[in-house]
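Below are two complexes that have chain A in common, paired first with chain B and then with chain C.
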Partner chain A sequence: MTQDEHKEGFKGMANPSRYGIERVAYWLMRLSGLGLLAYFIGHIYETSNILRGRVGWNEFLELTQTTEGHIVLAIVIAMCVFHTVNGIRVMLGHGGVGVGKPARPDYPYDPASQNYRHKIGIYSAIILAAIAMMYGLAVMFGE
Partner chain B sequence: MRESTIMKIHYGTALAAVALVAVHILMRMTMNFADSLEYETVLANYKFIPYAIMLELILVLLSIHGFNGLRVILLELKQGRTYEKAVSYGCLAAMFALIAYGSRTIIMTNMGMV
Partner chain C sequence: MAQVSSIADDQSSKSITLRIARYNPEKDSERQFMEFTVPYEKWTTVLEAILDVKKHFDHSVAVRYSCRQATCGSCGMIINGKPRLACFTKISELDSNIVTVEPMNNFPIIRDLAVKFERLFDTHHKIKPYLDRDDTELESDAKEFLQSPEELEQYIQFANCIKCGLCNSACPTMATDSSFVGPQALAQAYRYVADSRDKGKDSRLKIIDDSHGIWRCHFAGSCSQVCPKGVDPAMGIQLLRGYMLGFRS
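Up next, the complex of A and B:
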């Protein structure tokens, strides 16, 4: 990181276009994590409506089982699959799997850990998330 | 607790939750999606004790993983002794509150208090 990039502060660090697919994965991981936590809290509240009996349950289903509700659920499915697959990649990386062998740092100083194996992992996570989202939409709207 | 231990818990809860959430989703797919959300079906799910135990486990695992993830994100954004303590205890309190609220639903429905 150059001196000028330091001056940009948080924006410089957050820029997803500057540091390749790894930085995009970093942001998608955090955004999907926050999205899933928000959904999880909402889901706990949603299911607590069963305590209001049949009327309460059906009232709440009318709110969530709509076109908008199904689209939100499809996005949740995509976030869940991406977070899972990319999370497994991160865990393997932390365990030293697929990060390459230590070597003398030579110009242009490409980090050994940011290799094709992990790039394939990130692209696979994105593709699988898209497939799962399409499947979810087919199940929800195909009825 | 050491951060390395917390990360092991974070990864452990993630792997366990993936397996259990997969079972939870597959249960929705044993029948038509809309039918699986019918009042009687959901009530029957809660009253089936092994399934209720699995829901409780998912609740605990995802609460730990989710709020620890939130804590990690917040600690990345800003550091400082007071801030870090506030974030850690805040996330812990939110985690316990969510587990208590979710457990209330599972226990009351399982015991027929609906």
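Up next, the complex of A and C:
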């Protein structure tokens, strides 16, 4: 408690539990962005194995055929779909689209920017990500 | 940890445990909570409960307040985990037998519940919170600057800001970035940019077009969810950004 600025810090930033679904979306967006970045780097590393010739390539590809590999790929699919769909929502919002119009506020002052359009966007991103992940799992484990 | 009961206990059937964060940066190494049993009625506010504690048990609890009616913006604090105005939050609406009050996050602590507002006022001032133009309507022979009701509607919601800082306390960017302008000042930037009487748009936009300015907002919306005056800073920020990006006129 000795820090002067009394900033809430990383724990406060990353706590998605207090400010509604919008803050959950913010948190998932950051997490999926970083997850995709990690996957992207891993992906470049993995595909560079082709330089070791056919055997090296096939050896490495087997990693994705394991149960763990399937689960990781399913999570990547979910992150990809959520990040893309929510990313489109966030970009529209950042451009001032669908955030409501200024008006005289009335009690109880429900904020117009936290409206159903953006909530539908967030829930759609989550549901589509779940469906895509389940489809991916069905294909990978159904082989 | 102290536990004391109010003398007024037997006059009221209902009471809560009020947990107050105590911390003096000059003396204490860490925050401690003191617990008090405080009676309440349907209409009792958290501020009244704190003042009850000050009156009956411990006058040294540091708390800032003035208007007691959500107008001066002094009494912001974290109440049961969320930034709220103590004078505008009834104990009965919290639906809890324990009410915990802590100083607002992202503001330096003076003592206990009182925090420093210097940075909020600095960033507020930085965006030039006044009509920026060469002429004036204040001289006796000058004409009033006219405005239609539609033009007023464009910014009046943002003019409701009481500088309580709850939005800055809830903001996830403020939580980690010491240089961020913050939702309060950004919403005020929109308030003046959207005012048809203002002529200082370009210089104002230059101030917030900064690496720790408007682009640091991720539209998490927490500011708008805690604002007690319906300012909806998140809306103002996105409208302003839309304008700066050329999506809006």
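The criterion applied here is as follows: the second predicted complex is superposed on the first by the 129 of 143 C-alpha atoms of A that agree within 3 Å, B and C clash if a C-alpha of one lies under 4 Å from a C-alpha of the other, contacts with A are read in each partner's own complex, and residues count from 1 in each chain.
Keep in mind that, in the parts below, contacts are C-beta pairs under 8 Å (C-beta built on N, C-alpha and C of every residue); 3 or more make two chains touch, one makes a residue touch a chain.
Small disclaimer: the values here were computed from a predicted structure and weren't measured.
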Partner chain in contact with A:G35 - chain B first, chain C second, else both or neither: neither
Partner chain(s) touched by A:I44 [first = chain B, second = chain C, both, neither]: first
Which superposed partner A:G69 touches (first chain B, second chain C, both, neither): neither
Touched partner set for A:V139, first chain B, second chain C, both or neither: first
Contacts of A:A103 with chain B and chain C, given as first, second, both or neither: second
First (chain B), second (chain C), both or neither touched by A:Y26: second
Greater residue coverage of chain A in the superposed arrangement, chain B or chain C: C
Chain C-contacting residues of chain A that also contact chain B: 30, 94
Residues of chain A touching chain C in the complex: 1-2, 4-10, 12-14, 18-20, 22-23, 25-26, 29-30, 90, 93-97, 99-100, 102-107, 109-114
Footprint of chain B on chain A - complex, ascending: 30, 33-34, 36-37, 40-41, 44-45, 47-48, 50-51, 53-54, 57-58, 61, 65, 80, 84, 87, 91, 94, 139-140, 143
Contacting residues of chain C [partner chain A, same complex]: 23, 25, 28-31, 81-82, 103, 105-109, 115, 153-158, 160, 169-170, 172-176, 178, 194, 218-222, 224-232, 234-236, 238-243, 245, 247-248
Complex contact set, residues of chain B against chain A: 7, 11, 14, 18, 21, 29, 32-34, 37, 39, 42-43, 46, 59, 62-63, 66-67, 69-70, 73, 98, 101-102, 104-105, 108-109, 113-114
